[in-house]
Amino acid sequence: MKRQRYLPTPVLSLVLLVVWLLLVRSLAVGQLLLGTLLAVAIPLLTRGFWEPLPHIRRPLKLARFVLVVLWDIIVANLQVSRLILSFKRQAQPGFIEYPLEVKERLAITLLANTITMTPGTVSTSIRPDGESLLIHALDMHDEQALIHAIRERYERPLKEIFEC
Amino acid sequence: MATLVAPLLALALLLIQAPAVLAGDVVTLQLAWMPLLGLDLALRLDGLALLFALLILGIGTLILYYSGDYLSADEDDGRFLAYMMLFMASMLGIVVADNLLLLWLFWELTSIASFLLIGFWGSHSDARRGARMALTVTSAGGLALLAGFLLLGQAAGSFALGEVLAAGDAIRASDHYPLIVALVLVGAFTKSAQFPFHFWLPHAMAAPTPVSAYLHSATMVKAGVFLMARLNPALGDTALWSLCLTLTGLTTLLYGAWFALLERDLKGLLAFSTVSHLGLITLLLGLGSPLALAAATFHILNHATFKAALFLGAGIIDHETGTRDLDRLGALWSMMPLTGTLTLLAGAAMAGLPPFNGFLSKEMLLGESLETDVLGTLSVIIPLLVLLGATLSVAYSLRLMWRLFFAAPRRSREQKALPPMAVHDPAPGLLAPGLSLAALSLLVGLFPMALAAPLVQAASWAVQGEATLELHLTLWHGLNWPLAMSLLAIAGGVVALRQHRRLAQIAALFSPRDASRSFEAAVLRVIKASLWLTQRLETGSLQRYQALLILCALAMAGIGLVKLDTLTGAAGMQSLDAMLVLGAALTVFAAISSALSHRWRLVSILMLSVVGLMVSLAFVRFSAPDLALTQLSVEVVTMILMILALFFLPQRPPLLVSGRRILRDLVLATALGLVTAMLNYALLTRERPAIADYFLRESVPGGGGANVVNVILVDFRGFDTFGEITVLTLAGLATFGLLHGLKLFMPAGNVEGIRWSPQRYPLILAVISQLLLPLALLVSVNIFLRGHNQPGGGFVAGLITATALILQYMARGHAWTRTRLPISYPIVAVSGLAVALATGLGSWLFGYPFLTSAFGHFHLPLIGDIELATAMLFDLGVFLAVVGATLMILVNLGRVTTIHRPSLEEP
Amino acid sequence: MSQHLIALPIVLPMLAALVLVLLAGRIPDRHQRLLSVAFTALLVLVNLALLSRASGGEVAFYALGNWQAPFGIVLMLDRLSALMLTLTSVLAVGCVLFACAGDDTRGSYFHALFQLQLMGLDGAFLTGDIFNLFVFFEILLLASYALLMHGGGKARIGAGLHYVVLNMTGSALFLVALGVLYGATGTLNMADMARRVASLSSDQTALVTAGGLLLIVVFSLKAALLPLYFWLPHAYAAAPAPVAALFAIMTKVGLYAILRMQTLVFAGSPAAPAIDTWLWWSGLATLALAAVGVLAARDLRTLIAYLVLISVGTLLAGTALQSPAANAALLYYLPHTTLICGALFLIAELIGRQRGKAGTHLVRGRRLYQRFLLGGLFLVAAIAVAGLPPMAGALGKLMLLQAVEGSARLWFWPLLLLAGLCTLVALSRAGSVFFWASYRGEVATGRVSRTQLSGVLWLLASAPLLVLFGGPMSAFTLATAQQLAQPQAVIAELLGDAAAAQASQFHEIPGEAP
Amino acid sequence: MTFFVIIEGVLAFLLVAGGIFAFNGSLGMLRLEDFYMRLHGPTKGTTLGIGCVLLASMLYFTVTQREFHVQELLITLFLFLTAPVTGHMLAKTGLHMHVRFSPRSRGSLPEFHDEDVGQGRVARPARARHPWRTRKARRSRLRQGETS
Amino acid sequence: MLDTALWICLTLIVLAMALNVYRLAAGPDVPDRLLALDTLYVNSIALIVLLGLRLNTKIYFEAALLIAMLGFVGTMAICRYLLRGDIIE
Amino acid sequence: MEALFSLVVGVLTASGVYLLLRARTFPVIIGLSLLSYAVNLFLFSSGGLRTNAAPVIGASLAPTDPLPHALVLTAIVIGFAMTAFVVILAVRARSELGSDHVDGQHGEEEGPR
């Protein structure tokens, strides 16, 4: 209860502390203290804006997920570059409706963002009911394969990370 | 009757001084007032002043006594008497002033007082017209007089009357002499109703009769005459002066007399006769011989007495019968014998019949007219014309008496004669003043040496400027030419009266009020022309005003540029690189696009924002990190602001402009652009002397910060920043007023005509803004704290915080955010100002000027050195003010727009 | 404490504004008003103290932040600034009293905005730094925008839009001028700039001329000179009465700035003759056209706005004469015309309210409820503004006329005298329509409240008082003008002998001013 | 020495790659045929390009100034937070505004809902002339009614 | 080598910005222009960082950070404007 | 470089002025913004155009004149405040005058002027 009151979002506080140290480029005691102070104070100040978010249950999975996404971003770029630079091949664009399994706001957001950042896809719209995601693909040959790939590569890990 | 105390007291004072003055002394009083101006509170009592002062106070007392009974009970007695007293005082001021400027002040004061008196019955349109006309004419004259006085004073070397009068030779020799004479005479003639400025006087008869009696017999109109007499020693004795006065006087004499003869309105007749008599006096002043001057002063006295009496009599008749129309009146003798006596006595004086005072002065005029040679060989016509005037004067005086008291009233078709029964002599209060004045006319005529000669003699000394003349006034001069002419005039007058109807037919050929009509028409034309001109100038078109402003700037900057020897200065140019060229090209392209696409508003905004970005990059490129930060953060907020507003402005307005207009604007714009560029280039290629080194050197030791820009902002020139956050807060407060009670036009769809999306708060945006808020706040704190030594500071930090909060409003809506942030933004902004102000005032406690900063390094265990500066406190004030003001502006606008959103669109 | 007095005219209204905003909604209107009036009255006292200090003839400087000129910003108190400060606060008392009768609650934050307006005005009059002048101009402009549109309404917003946009363009030009001047002289302090301008090469003087002339364009916009005054009649006629009354000082800020530039910064420089030529012809033309406008006006407020323009034209043409006598005359005339135009706006409002629908239009209307009271007030104000005795206008006009020498008279005298005549004709027409030509019958109510009356009387009292104390007052303005004619004294007093020492550290400064 | 050569090589590689990626993203925006396809360029290419440049910057300053310079990570963090949101919202806006797409597009066209593509038109004012290009023939729109 | 690489990278980024501006001007639709503007902002981050590299200073770093953090807010505002009209509701 | 810089300032000024002369409030606002960019650059350049000379002690060897930076910063902030005010005024004017013409409906009626 007490922790809840003074440190409502420990992960956020940690992130803030790290960001602070990055900003000041120093590990001096003074900066550490100031950073800690801010890391505690800012979440407290903005508590009202902080709608309850799911806790990260599997930090390791998260790390792995991040790495996968980073890799995919590089791959995505190479693919897109090829497509843009090549004069011969014509892309085969298309829209798909992706039924969502995750229901949590942050998870949906992360998934949508991931989809946008990674191979050949951009999330274009989330249905207001949160049931599905409309995705535009730059070069789509098989709808089902794409849905499957997204499901396996991104949605499942996210679901596991947040256990929802 | 308490009002009589003041004039009587003054009269008493005057009489105490009288013996000395009559003996030829000049009594003066001097008080310094505005030495810079040459204006002193200086008074002078000589013979002329005494004569006039006696008239003003004596007749004034009688008339005040009269008006106590004259005004009906429901009228505002007090106000009337106040105006009268004001008038009396200012008139007295004119005659006793010993300083030209002081005289002018009183002169103008009489115009104002007379305006109020003439317009006393302002609900009648003729009273209003008459008052305005009198004011306009006499004030115009007054202004000319002022100019004349200023030149006169300069020519004489002083405004003190004594010195001016003594400097006659210098004045007459000065280059400005003709101009001075012209200006002074315009002043005098307008006041004295001399031709061609006479036309206001008959209209002024709309005033209550006591006013007419006072103003138009003894005082106001005499002011002009007084002035001519007063300045005679300084300005007179030249051909120009004599000619002007003689001709004007003659013309006025005849003109007034002629129209007096034809006038139907009782007071109108008296008014024209006044005009005529004033002409007579002017003529006498123009003749200029010692005796003529004495005659002038004598006639001033005589005219004042009999004319005041006549006006008072006319007032009684008007009061009793309710009309002043000579055609409706008649046969009043039997009903009003005392009034009749009054009028007959005074009328006889006016006609110049013996043994009344009018006869004496007229004889003198006739005599002097025979002597004069002002017109050279043409001087012969003067006595003839004077004789004609005297004849007419007899005629209209007889007509007045005859028609009122002895002839039967005439009935014209639309008018009825008055029922004679109701009319009788009034109460003694009304009769006594008039009767005593009429009696005085007779007595002066009978005993001129005893009653008038000393006074007239003293006055004429003042007019001549030397006390040489010994005056002998007698009723009987023996048989001589003047007497013959008088008899001729009387006979002629009787004939003219008999032939009145025929004369009237001739007169009908020219309307007597031509001058006044054309004056009014002229005023009207002037006003219409003014309106036309004003409307042409002030079209109410902002575009025009802007074009004028730009044109001015263009011309002015151009003048400076023209004076430049070479455009390129000695410092020369730095080299270019490709990036700069491309950046410049993009900026230029974006700016021009933004201008050209102004009707495609969203695109215009986007292009504008490109320009903003490029400007920020330019700041980076040219070593101004603080400016880049500021520009970038302002950019974001401005964009939000513009988009907020765009929603309520027409998306695509119709085209309403001609090609010529566009061409004109393009030319103007290009020209100013060119001039600005040239100025900028000229500056950039020249050496710059600057005080920069001081800031760079003092920043760390004196201001305690390494970021010199920030130290300048919060310390060296903290006062600018203080003003700047005041402006910002002020903008916030000001927009409150604009948004108060705002009614808006809500478009039903966006630019493309598509209906609004039903989804209010997109999920992803909401989540991301939530994540971003703490990070942004952290960055904001960082930027704030480092500001003193690194790029950053309270302003940028404040904008970051504000933007992060605005993002919450955008993502989650007003209501949601408001409940989580229940702060009053005006209070935040004002607290910021308060913090800054308190920091500034704090230095007073230590005896330093406002906003003096202090800083120190403190060593704390574990943490090490930290620097604390009051400048940071000041910067905190800046931060708060920025956050408060920005949110106040944006959120208020956002909130207002939401309130007016139609509810039918809610999902 | 007494050395800080100079900063008080800026600090005090600021403090007042802060207190008023913080207390807005927390204390009743009555207390708000009391506070606002009290602060304004206090400001009058402060300014009077400053006036008495300045009348000694010494120029006092106040180095803000304890940074000496030319590096920091200094406030500069001489006779001129003390006069302007006192005038402003005296005018403000009348306006704020009048506003307390109800005009203040028609929008938000009236009193706070009013105080900030005063702060801006005071700052503009006090500052000795040209960029700081810009900042205070912006403060007073923004406050004036808000006050002008206080209460809203079609006419106000329409006129306000023009006023705002024109002034924003003006501010942009101001900054360009500042850029040129800083670039050419390398300083912002007025005295320092004057010193440097005097020793510039002809090449750089051309740039200074360009900058100076641009600056004068900006100030002419504020002062409302001929091609730049067309916004004024609408704006002043539309403004709420107490605001319009306060605006009587706004044009004088432009005049003040011009006077300051001409007598200090550009004194003797090649820019000065060009500026004088502009001021002379433009001022005379303004005078002439404003007189025409006075005749053309069909509404009393518009008429008064043109009267303001007449005084602008008169004053600026007088400024162009550049003689101590002329400056003394116009400084005597200035307080008078400012206060009386202010009073006239207030009186017009009172008249308009009692005439119902006819308002201040020059048409016959209902009989006024307090005909004689308002008529009397109007009469006094009209006499004063027309330059007739026994009010100060007459003396001011006399001084001005006397100050003009030689061939300049040929233009100035007839124009000034005719403008006076036009004023008289127009005001007598207005007065006779309002007070004499009314319909009999139902009388409107709208009694003049005691605070309104006290506000009007406070302003009107100046007219006889300036006559009564014409001697000392004219002596003061002459002393002011003589002080203005001695810019070297100001420079020496501020930069002193130390200036020479400092200057040697700055190799950029080509030489010392003589 | 070799250490610095290698570092220099890495730096050069990162810079060139970053430049190419970023340029490529913008080139894609130029070349691809409809809005939705163009969206892919910047969201990916540019973001990665910037990432490379930032990496180069971190490396460069860390090596030259001999202390950790990892602040650039913050920019990356913010970019990775905001770029996809931008992309998403732009796509959503595009759909809402009936921005046309390539006729070769495949997929769940019938799945478009009203909330995606905006509800019909309202009466609209006369359209302003495009400022610098004469408008092409009316573009085909996404409305189902129009396509079928 | 580093200088050359820096030069290449800078050139590419500036060219990319030029392309963005072209797309911004050419449209054809508002979202296209918006996308172009956003990309321009992102590219300018790279430009600032590269300038810092070239001048060997980190003094302009915060400018880049600011663009990364706040640049998208404007884009969001316009998106909201096109979607809902009212951006703060 | 100086010529190029001046050219940019000139073009910004010209574009701004052209928009200032338009009849609708919105372009006038854009014009004011453009003009203030131009003016800020102008004022900024009065301290000279230097590369890598940020006026931060220790960051550069020969820092540039910092004063114009501070002035421009103040000008930017004041410009922002003024823009905010005039933007809201434009909205108010549209609501009050029934048109976004700078002269209200009065200007609308008169057509091209």
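Here are some notes:
So that you can tell them apart, the chains are marked A, B, C, D, E and F in the order they are listed, and the count of residues begins at 1 in each.
Note that in this section a contact is a pair of C-beta atoms (placed from the backbone, for glycine too) under 8 Å apart; a residue touches a chain by one contact, two chains touch by 3 or more.
Every value quoted in this text rests on a predicted model; they were computed, and no experiment measured them.
Looking at chain B and chain C, the chains that touch each of them are F. Note on connectivity: the fewest chain-to-chain touch steps from chain E to chain F number 1. Among the remaining chains, those touching chain B as well as chain D are A, E. Seen from the Cα centre of chain E, the chain whose own Cα centre is farthest off is B.
Comparing the CA-atom centres of all chains against that of chain D, the greatest distance is found for B. Here the CA centre of chain C is 56 Å from the CA centre of chain D.
Chain A and chain B have centres, each the mean of its CA atoms, that are 75 Å apart. Rounded to whole angstrom, the centroid-to-centroid distance between chain A and chain C, based on C-alpha atoms, equals 62 Å. Chain geometry summary: the mean Cα position of chain D and that of chain E are 10 Å apart.
Multi-chain contact residues of chain C (touching two or more other chains): 131, 135, 138, 142, 145, 149, 152, 161-162, 165, 169, 176, 179-180, 182-183. Residues of chain A in contact with two or more other chains: 19, 23, 112-113, 128. For chain F, the set of residues that touch two or more other chains comprises 16, 20, 25, 38, 40, 42, 45-47, 51-52, 54, 56, 59-60, 67, 71, 74, 78, 81-82, 85, 89-90, 92, 102-103, 106.
Across the whole structure, chains are in contact as follows: A-B, A-D, B-C, B-D, B-E, B-F, C-F, D-E, E-F. Residue ranges on chain A touching chain D, taken from their complex, read 19, 22-23, 25, 73-74, 76-77, 80-81, 83-85, 90-97, 112-114, 116-118, 120, 122-125, 127-128, 134, 136-138, 140, 143. Interface of chain C with chain F (complex): residues 131, 135, 138, 142, 145, 149, 152-154, 157-158, 160-162, 164-165, 168-169, 171-172, 175-176, 178-180, 182-183, 188.
Against chain B, the residues of chain E that register as touching in their complex are 10-11, 14-15, 17-18, 21, 24-25, 27, 30, 33-34, 37, 40-41, 44, 47-48, 51, 59-60, 62-63, 65-67, 69-71, 73-74, 76-78, 80-89. Note for the complex: chain B touches chain E at residues 578-579, 582-583, 585-586, 589-590, 593, 602-603, 605-607, 609-610, 613, 616-617, 620-621, 625, 628-629, 632-633, 635-636, 639-640, 643-644, 646-647, 746-747, 750-752, 756-757, 759-760, 762, 765, 772, 775-776, 779, 783, 790-792, 796, 800, 803, 806-807, 809-811, 813-814, 890-891, 893-895, 897-898, 901. Listed in rising order, the residues of chain F touching chain B in the complex are 1-27, 29-31, 33-34, 37-38, 40-42, 44-60, 63-67, 69-74, 76-85, 87-92, 94-95, 100, 102-103, 106-108, 111-113.
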